[in-house]
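Think of it as A, B, C and D in the order they're written, each chain with its own count starting at 1.
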Amino acid sequence: MSGEDRRPKGEEPRNGERGAKRPASVEPAYDSDVEAAIRENYPALIAYVTAGDPSLADTKAYVEALDRGGADLIELGLPFSEPIAEGPTIQAAINRALEAGTTPQGFFELVDDLETEAPLLVMTYYNMILQYGPEADVRPFVERAAEAGLSGIIVPDLPAEEADPLRDACDEHGLDLVFIVAPTTEGDRLDRIMSQVSGFAYVQARLGTTGARANVSTATHDSLARLSAYDVPKAVGFGVSEGDHAAEIIEAGADGVIVGSALVDIIAEHGADGDAAAALEAKAAELKRGARRGATGEDAPEPEQP
Amino acid sequence: RTFGDYGGQYVPEALMPALQELEDAYERYVIENEDGFMDEFRDRMRDFGGRPTPLQRADRLSERYDREIYLKREDLVHGGAHKLNNALGQVLLAKYMGKERIIAETGAGQHGTATAMAAAHLDMPCEIYMGRTDINRQRPNVYRMRMNGAEVNPVTAGSGTLKEAINETMRDWATTVERTHYVIGSVVGPHPFPKLVRDFQSVIGREARAQIQDRAGRLPDSVVACAGGGSNTMGAFHEFVPDCANPRFADDSSSAERSSADSQAAQPRDDGDEPREHVDLVAVEAGGSSLEIDEAAGLAPNSATLSTGTDGVLHGAMTKLLQQGDGQIVESHSVSAGLDYAGVGPELAHLVETGRVTPVTVDDEAALNGFHRLSNLEGIIPALESSHALGYLEESHDELGDVVVVNVSGRGDKDLETVLEETEKRDLEAAPDVEVFDG
Amino acid sequence: RTFGDYGGQYVPEALMPALQELEDAYERYVIENEDGFMDEFRDRMRDFGGRPTPLQRADRLSERYDREIYLKREDLVHGGAHKLNNALGQVLLAKYMGKERIIAETGAGQHGTATAMAAAHLDMPCEIYMGRTDINRQRPNVYRMRMNGAEVNPVTAGSGTLKEAINETMRDWATTVERTHYVIGSVVGPHPFPKLVRDFQSVIGREARAQIQDRAGRLPDSVVACAGGGSNTMGAFHEFVPDCANPRFADDSSSAERSSADSQAAQPRDDGDEPREHVDLVAVEAGGSSLEIDEAAGLAPNSATLSTGTDGVLHGAMTKLLQQGDGQIVESHSVSAGLDYAGVGPELAHLVETGRVTPVTVDDEAALNGFHRLSNLEGIIPALESSHALGYLEESHDELGDVVVVNVSGRGDKDLETVLEETEKRDLEAAPDVEVFDG
Amino acid sequence: MSGEDRRPKGEEPRNGERGAKRPASVEPAYDSDVEAAIRENYPALIAYVTAGDPSLADTKAYVEALDRGGADLIELGLPFSEPIAEGPTIQAAINRALEAGTTPQGFFELVDDLETEAPLLVMTYYNMILQYGPEADVRPFVERAAEAGLSGIIVPDLPAEEADPLRDACDEHGLDLVFIVAPTTEGDRLDRIMSQVSGFAYVQARLGTTGARANVSTATHDSLARLSAYDVPKAVGFGVSEGDHAAEIIEAGADGVIVGSALVDIIAEHGADGDAAAALEAKAAELKRGARRGATGEDAPEPEQP
């Protein structure tokens, strides 16, 4: 694999192929609507929920609520039976979704139905992508993702070294393939990954798995410092659960924050009583406000909810 | 990828540097024997592990099948199975790498106990993840690990079995990767694990190859080993891969490291002028109760990954899997807990795909008969895993040829309860009447 | 008598011709290697039994005790203990003698399982007598014997333990002596059993003696072995008996057969001109909970026959016994079932009486600590029997010298339950916290 | 050990040392009163009971009953904890005796008390003989046995090869040491044992242990045939339980029969109800009648008891 950027800035080959439902950015200022969503909505909020938890119909309502609440990008998890990168919270959500019978077909039909301001990405494991279609091949999945209007793909178990086939397919269909930058990603590997950023760099806030935490790790600050020289959008995930976290992360130099487990916790808690959508919307608003605080450098704590 | 279309490194980015570090250590210590690593490994496997293990002619089986049956006695390795070959190698490697802590997953407990004893021997802190259900089923192994000083971490998620334990161990590793080595228990997982584990296990075939030449004056016509994840399989097969009529395998690159990796193996091979003797490699998978997958329930009542699986990615590698059409991994089943895995080593998948290894299946009942037959005829109680390889002798005769090496990968003391339960359910031709002497 | 004041043939007249026949076979096959008997025995112990076993330097124990501790790894013999050395030898001898049937007694099941696997291996019908109480306590061993094709005959008389099983086996033998061989499990019983069993077991010390010279360039200062009946003890000691500053033992007639009995041992010994290296031989007996005999109850809460016993006749030989003043044999006790015997091999009694072997005792608690220490520090779970030898390292230091060989006579998997129970009762310094993970 | 008879016929060194209570034979026609009891009472009945089963007081009554019933010699078992030569019946009797607290001291006191027509022998295991006294030495036991008036000793676990010390002591105190001849005793060993017969040759009827059987084994006939050339008294034991057995054995050439387990069975059955003595007396009478039938060659079956 070469270290060069395989998609030179000058060309804009994929904009026209975008899914029709998402509003195209007014000016093609960026390579992708994912990058645009982060750059233009700085500081951006990226929200994750597991599709099918507890049902695909609920997921539709949740995604719309997050969209209303201020999420600038939404990651939809397509559940896989062996989620090795997830913590207990998202693992449990995935198990609920699988028990509810969530399939790739159902997932794509949900995406077909969704109309949101925020572009949508699918987050799933590599085997799910490989197996969509009659034999082990990534292209049918990407084709269907593009057709459903998804803007990008995040694959937690696909490091850059193994990504060529999927990136080729994504390029062909105008989707971003988002790479994760971990606290352990350094030196040549960091250069190589940063030179290939597609959409944004998913900055993993700390070692370990996904999951809401009580504070922002020093690894986050170290990573953002390490990445500050690279002019690519950076969004920080893993452990972000509160507005104050968002503020601290944005202040440290991130372009966006990624929140997953904190939202899944809300779904798990409110899934039965039907109040999840409202709570998600409020949480998204809190996080977005926190991020904005970080962007303006204000130290004022998040005001109490009225 | 690492092995033809199979292998690779499908892991979270955070682990990639650790895999690179491990690959570097593999090259330096295992391949290049830097700091005498492989010498120390071999010395410890001799003194602590009990190597070499014998290659025993099985007199009564030979008579029964009217061919020469030789047993490679991995059941005599310290701990009761081939598992220590790998566990000791990896814990020692972790020590050379400066790691401070060992973690591993275990299902039935065999890999966990092997890792715990290796860690005790080498004075490394060790934590083993084990599903709560497995803990309850395999209490003696839990005690063995605890007595060897390992922590045993119960995993309560999901069904509380191997796959949850693997996921949990991956999570620990993803969190502590900088100071921790994850001892993977078979020739699975991301590169370089499949090669690393294979090389530590290849002592099985290296010894067997020299022993059979010494005993029979020739190579065997076939080598038979059971295959779950495939560590005993690759361990038994690796040295024999080049013993192939097809010249492609005679110089198989996957075996290229051998002579440098292991100076003891640097003996001259067969004379170049003579036609190369051909050795069939037979991987016996668990046929369970049926070879069909129940898609609706997400269950495979077998673990016949090589025979019936399809290509996909699991636990870090592209390999053959038992999966549903949409990519969800199914729950496998075998009467033998050690074979009960929905994946298989990528190198085995490659060797099957290229025709070098022949996958066959032996169902639960035939494996149980294999267990009883060896116990009764030879005075060796084999592991239920190994019993699959033994069961195949009964089902297949002439294609195995005149001289057959069977890998007895472990001893069966751990399986007594299961065998009793499963024997009572059936009318097994080879089983003794096992009265319970209630008193 | 056979060994100074000890030994002899105190058996019913009906058995005397069988003992003469056995003595004749011992002379011909074992001593003279007629028909290549000893060659076949050694080949089978290599291929089936897994010999030689390693002599392992115990790094962490050596550090702890600030001297070189080497472990003779009899736990790696097929079946998990030194017992097979003897069982296979006797079953093979019975075959050479034209016997058609094997019987043996067993207490905890170790000798029974070893005999059953030897009989299966050599295709000899086999019946094992075992007390009903022992059957209930040692069910896994009963299953192992049954799976090896042996009949297990429950003995319901008395307390249903070892001594009733011995009596019952003697009765079977007295009835069927013409076609049956009784495989006695230790260096006890009437002549020639103590010599026969010793010679089959002496491979332990023969290997260890060569191995320590290879590893340490010298003989050990001491050899430490646990002693119940004494088969692992005599097995470990026999080759070292002549390594004695006292010239009397340098030519001990009890060792005279060695060079003819075993051609592999026919290497030159130490140069005659140099002063002979002296090796201390330490027999560690089970101190149980106390060294006092409770005469009223007829109980000895120990099995310290060599240390506290008095001369008498039991099971065919004059030896040291735990007995009451009037001659009734008392019930012995040890946390280790395998040491729990009121007699001891007559040759050991002789070697203690003459000062060549030093008897010491280690109580239940110290043995349990020895068990945990080896498990935790070295990754080897020893039998509770062997744990007595290991426990002695802690109690005694300087008198053992700089280089010590400890015989790890068997593995401890069989003892896990006992160890858990006994550990829970005590506050053991070396024990880990063994949570049960109730779920 | 030499094969010669260590007690030449001409000498009669021990008669005068006999215990005072047993009636000396009128003429010293034989070496020992044991031999005399068999020769002079041909066909002789030798009865065994375990001392102390169920108590020493009971044993006294049983021995006297057997004496009345026609026993010509009585073996008294001194119980040992490891009776390897006994079958289940006598083993159980020994266990009962031990549980009742039977000791060598008590045993000898019982013998001190007994006054019977039939000479008494003690049957016990070698360790019991060794341990009587302050250290392992057979002499104190033999001395005490002689003092108590016993006429001989039978030791089931003492073959001729190991018997020198005990025989020396017996010689010194004028006791017989009875040897057992087994079905496996042949050739040189048989010659040697037969040349050393003391009292009588205890002919073991079959391989195995003591215990009542339903028939007389062919081994008995074989043994008696093999022994017919030796002019020594032969008594057959192991498995004799009925008058018809006794008849068959005497007819086959034996000088006496030895009955143990069949008597112990009676004790076990009647021990509690106090009828054991009468039953033993009747059984002894039946066996003696059977033996006599064998001696006279009459084939008539034993008549029903009135």
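Here is the rule we go by: a residue touches a chain if its C-beta (ideal position, glycine included) is under 8 Å from a C-beta of that chain, and two chains touch if they have at least 3 such contacts.
Given the structure is predicted, the values throughout are model-derived calculations rather than measurements.
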Inset, instruction - Could you tell me the distance, in whole angstrom, between the mean C-alpha positions of chain B and chain C? - result: 35
Legend entry - Distance between the centres, which are taken as Cα means, of chain C and chain A, whole angstrom: 68
Inset, instruction - Could you give the separation in Å between the centres of chain C and chain D, each centre being the mean of its C-alpha atoms? - result: 39
Inset, instruction - Answer with line, ring, star, complete or other to describe the graph linking chains that touch. - result: line
Inset, instruction - Provide the full list of chain pairs in touch. - result: A-B, B-C, C-D
Legend entry - Of all residues in chain D, those that touch chain C in their complex: 80-85, 87-88, 91-92, 95, 98, 103-105, 125-132, 135-136, 156-162, 179-186, 189, 193, 204, 207-209
Inset, instruction - Please name which positions on chain C make contact with chain B in the complex. - result: 46-48, 50, 53-57, 60, 73, 75-76, 78, 80, 116-123, 132, 135-136, 139-140, 142-144, 146-149, 152, 154, 372, 375-381, 413, 416, 419-420, 432-437, 439
Legend entry - For the chain B and chain A complex, residues of the former touching the latter: 8-18, 20, 157-158, 163, 166-167, 170-171, 174-178, 298, 310-316, 321, 323, 325-329
